[in-house]
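Both complexes shown next keep chain A, but they swap its partner, so chain B is in the first and chain C is in the second.
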Partner chain A sequence: MREEHVKRLLVLAGSLLLLIFALGPFGWMLIVSFADRPDFLATREFSFSLQNYVDVLTSPSLHFTDYVWNSLSVSFGASFLVNLFALPAAYAISRLRFPGRILIPIVILAVSMFPQISIVGYLFDLFSRLNLVNSKIGLIFPYIAWTIPLALWINLSYMQQIPNDLDKAGLIDGASRWKILSKIIIPTALPGVFSAFLLTFIACFNEFLFALMLSIDYTAQTLPVGIALFEGLHGEIPWGNLMAASALASVPLIVLTLIFQKYIVGGLMGGAVKG
Partner chain B sequence: MNPEGWREGYDEGEWKIALVFILPLALTVFVFICLPVMGTFWNSLFRDVSYLPKMWVGFQNYGKVFKDPNFFPALFFTLAFSIVAVTLETFFGLLFALLLNESFPGRTFLRAIILIPWAIPTIVSAKVWKLVYEYSYGVMNVLVRGLGLSGEKINWLGTSGGAFWALIFADVWKTTPFVVLLVLAGLQAIPEDLYKQAMIDGAGLWRRFYKITLPLVLPVLLVSMIFRTIDSLRMFDLVYVLTGGGPGGSTQTLSFLGYRYFVNDRFGLGSTVSVITFGISFAVTLLYLKFGKFRERLK
Partner chain C sequence: MKQVSVRLDNLEKSFASNRVIVQVLKKVDFEIHPGEFFVLLGPSGCGKSTLLNLIAGLEKPTSGRLQFGDRIVADGHQGIFLGPFERDVSMVFQSYALYPHMTIEENIAFPLTNLPTPLNTHEIKQRVLETAKTLQIEPLLDRKPAELSGGQRQRVAIGRAIIRNPAVFLMDEPLSNLDAKLRIEMRAQLKDLQNRLGITTIYVTHDQLEAMTLGHRIGVLNEGFIQQIGTPREVFHRPTNEFVGRFLGSPSMNIFKGTLRETGGKIFFESNGVLMQLPPIILSHLKEQKSAEFSIGIRPEDFQICVAEEASLTINPRVVEMIGSEYLVHALLQSGWMTARTSEEPTNPLHLKMIPEKMHFFEEHGQRMNLLS
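Take a look at the complex of A and B:
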């Protein structure tokens, strides 16, 4: 029975390590966000304060609510559209026989692993001429392209699990492929669609380089850009405010992830194409 | 040769519908990925700076980039960062996945908790790490001295060695959960009977791990490592926030170098670095396609 003891000890040590690993920096962010000053480790005086949250939410010069709104609308728009495009494509690839059925999704996967830097310079140039720099639309398009492999492969993996008989029954009843997709397959594959939507939304919400280069001010800058460029009036870093903004930006995502854990994990497994 | 042979054996109605269904997606990929990648290559053949007229220079920019004293350090840093980060992520990913594959009270809770670093936006985590590394009141130095690992405070972001590890820790923290999920799924696919048989044969914990678990989970580890490599080769956000490429340009990734050219209005050179970055990523992507068994998943 010695092995049982060893194992129990390992599990205990591993669990502790995992807890410290996963919660450490996150916990520190929360602690500093509730402190009246960020250097309390040096001064050895900690007092609880909500001032940082009040500052972030009410100070108009920080534009926090603008960033939130930009992030939400861009991420929502892009993840809605990318799934709108990915669903028929996934349907065709999983159901229809056509030349390129194997090749097209592979090529899409290959080209979509591009480093963002390899297209953002060109896009900046192009969008400057089209007056799309510093606009939400100008961010939505690259986000759609960037999340296509994720949306396509997640939807594909869920659709492949739906038996073809449903389609055949529909065809016999004289329904068109479009009708079968929208009336039968999408409702059946809804968990997959939801998971693809969640993951593309989170990916867009977290994206940084496109947003940094294709936006100029708070009218289009997203939350990550806002937080990255966050500075005090005199150039110093206002850590307390920054941690409060960070907490406000990430806690909803964490809650979303924990509530829909099943869909997130399922989608990541089905897609396995984006970290 | 039948010119229409490519569609032989396909139902005409069916492939036409397929075409319509795939077109929006394919068009988006073409317009917003293929075209810009080709455009970036095209731009890399021009001298394009704000203060001079645009001029065709052929491959001269590539020679210029190779001569830039920043390029090879950036290439070397990108590779070193990727190798060390992916190794550590794989190690911790496997470790935590093995743990979460055991059955013990609290497993469900820990499986949820491990997702937290994944869910936090990279930029947010970078800012948090920056505060953690703060020289005078950051918690990292308090911990390092409290645990007796170092008598002196460490200047994490002000020395090139400190900055390297600061970036590595932050990246490992953020991306290990993804590896955990992939590896955990791989572990769950190993039949329980194999372990039972091995236990009957008297194989101990360690022996069962390296005779059964490791070989069977190796393909998954490989795919996750390749995927993580692609991702870390294009790393940008952490460098931007944590070190700004410093100190002394010692932590610039290729993406960051390209970005710096772009914002300094040197579009030709920025495009050149971007093309090189794309080439490196694409080579690794081909490995990913080979080992990821994507073809099989389409059957």
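Take a look at the complex of A and C:
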């Protein structure tokens, strides 16, 4: 009995430590965002205030709504296009026989391991020549390239679990491959399709380096970059506004993740579709 | 009602992997008659499903030709290959392959939504209702496949296959996933359906009882080769080789491999140390086999209990199974297990004689020797 108590205590202590470690920064962010002054630890005076949130949402100089719009449009656009390519690609790799069907996903996976920093300089050079710097399209293209391995592998792992008999039945019933993909396979693999979309959306929404290097101002900058570059009236860092903006930016992602965690975990674990 | 023949001309199929080329089907050459219920029977891995996929148009033959009636549907030399829909075949899969997200009505209607000249919604609904009525599945039309039992799903799969009135109806072990009782029930229904519709049907199974009860003719396949084609009676009573002899019938045919031996002025058949007395009429036909090795095959039900003087073989039963009104007697000989089926309770020792007309003879390489034909 004593051993069980000790075990339970240890598990509890370990879990608490992990939680503090993971949620600590987020908790601190919330506290500072609701504080009247960000230096309340020095002044030892904390009063609750919503002013930071009001400033972020209403101050034109902070461009918060511009950053939100940029993030949402770039993330949705990239995720939609990525999965538009990744779905047929995953279908072809899992169903059709062609040269390179085993090599292609491996190469894509290998290329995805390149550190972003190693190619961002080249990307900036190329995009300047193409006049794509500081544009939403200029962000969507590298995001597509960057998240295609993730989308491909999630969709591939789901599709491989759908029995080939469904395709054969579709062919016997006179459906073309496109019709089989759109009317049979995608509806059957919907949890995988959904989780691939969600995970690519989250990856694009949180991305910082490409957005920092390939955008210049609020017309194209996304939330992570916009928030990081917040400037106060006198050039100081407005911690209160920054924390409020960060909180506002993370809330939608947290809500999405909590609601769709089943699909996200399933997507990360390689699918659980039974045909 | 369309009734077409299916002609397979020297059909071959190989699969190439990274390291080796595997020849799954070798020189398959036969014809299925219009309206026939033809069963492809063989053990797992013999190539029967591959052959069915070739007929369906889901795989391309490596060489050879496939013809439905007068139409060539696949020919390696001429570069012809028609897809499944163009061949006008339909298929029922072992797993049924029902579309899980569609209702039963949508599943059955799906082939009609792919016709070159589309039908209107009303016509499709009518055809679905007629088909559902034939198979007694009208109450299930609004449900999804996951809500159905195995037998119901199977009927839906059949409905989806027959709604188009195909020229050829293919079935890949459709009863394998059903429990024993339901399997017997569905077997009878399938046979009745085929009799009523009269569609040329090709049925794949590894179950020899299904083959015997369903098929007008059976094609026995092993290791990519057709071993024998014939009516159930022909393949059961006159197997062309040892493999067919053993594969059909349950329990399996007993095979005794040995040679003739003269002892004490009498000729016996010696198999792994066991001396068997053969009927005189058989001995007279076996004169040429004096030194050559050959096999005798006899089905468990073709032994007769007799007295010691008349016995071909005397055994010590090791395991006795009572199966209703009969007994299965198993004995362990030096060559392995043998089984006899008796109507009386066996004694120990048990004297058995072999009826000449029921004996099968196979030469050294397993091919049938026709001694009493």
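Remarks
In this section, the second predicted complex is superposed on the first by the 268 of 275 C-alpha atoms of A that agree within 3 Å, B and C clash if a C-alpha of one lies under 4 Å from a C-alpha of the other, contacts with A are read in each partner's own complex, and residues count from 1 in each chain.
We adopt the following convention: a residue touches a chain if its C-beta (ideal position, glycine included) is under 8 Å from a C-beta of that chain, and two chains touch if they have at least 3 such contacts.
These figures come from a predicted structure and were not determined experimentally.
When both complexes are superposed on chain A, chain B and chain C end up sitting side by side without clashing.
If you count the residues of chain A touched by chain B and by chain C, you find the higher number for B. In the superposed model, A:N206 lies in contact with chain B only, and not with chain C. In the superposed pair of complexes, A:I137 makes contact with neither chain B nor chain C.
By the touch criterion defined above, A:A169 reaches chain C but does not reach chain B. Of the two partner chains placed by the overlay, only chain C lies in contact with A:P187; chain B stays clear of it. When the two structures are aligned on the shared chain, A:L16 is found in touch with neither chain B nor chain C. Panel annotation: after superposition on the shared chain A, the angle at the CA centre of chain A between chain B and chain C (CA centres) reads 90 degrees, nearest 10. Shared-chain residue A:K179: touches chain C; no touch with chain B.
When both complexes are overlaid on chain A, the residue A:L50 reaches neither chain B nor chain C.
With the two structures overlaid on their shared chain A, chain B and chain C come no closer than 6 Å at the level of C-alpha atoms.
Touching of chain A by both chain B and chain C, each in its own complex, is seen for residues 275. Note for the complex: chain B touches chain A at residues 6-7, 10-11, 14-15, 17-22, 24-26, 28-29, 31-37, 39-40, 43, 92, 95-96, 98-99, 102, 104, 106, 110-129, 131-132, 134, 136-139, 142, 173, 175-178, 181-182, 185, 204-205, 223, 227-228, 230-231, 233-234, 236-237, 240-241, 254-255, 258-259, 262-263, 267, 270-271, 273-275, 277-278, 281-282, 285-286, 288-289, 292, 294-295, 297-298. The touching residues of chain C, counted against chain A in their complex, run 53, 56-58, 83-85, 89-91, 93-95, 97-101, 110-111, 114-115, 160. Those residues of chain A that touch chain B in the complex are listed here as 3, 6-7, 10-11, 14-15, 18-19, 21-23, 25-26, 28-29, 32, 38-42, 84-86, 88-89, 91-93, 96-99, 101-102, 104-106, 108-126, 141-142, 144-145, 148, 152, 156-157, 160, 177, 181, 202, 205-206, 208-209, 212-213, 223-225, 227-228, 230, 239, 242-243, 246, 249-250, 253-254, 256-258, 261, 264-265, 268-269, 272-273, 275. Remark: chain A residues 163, 165-166, 168-169, 171-175, 179, 184, 187-188, 190, 275 touch chain C in the complex.
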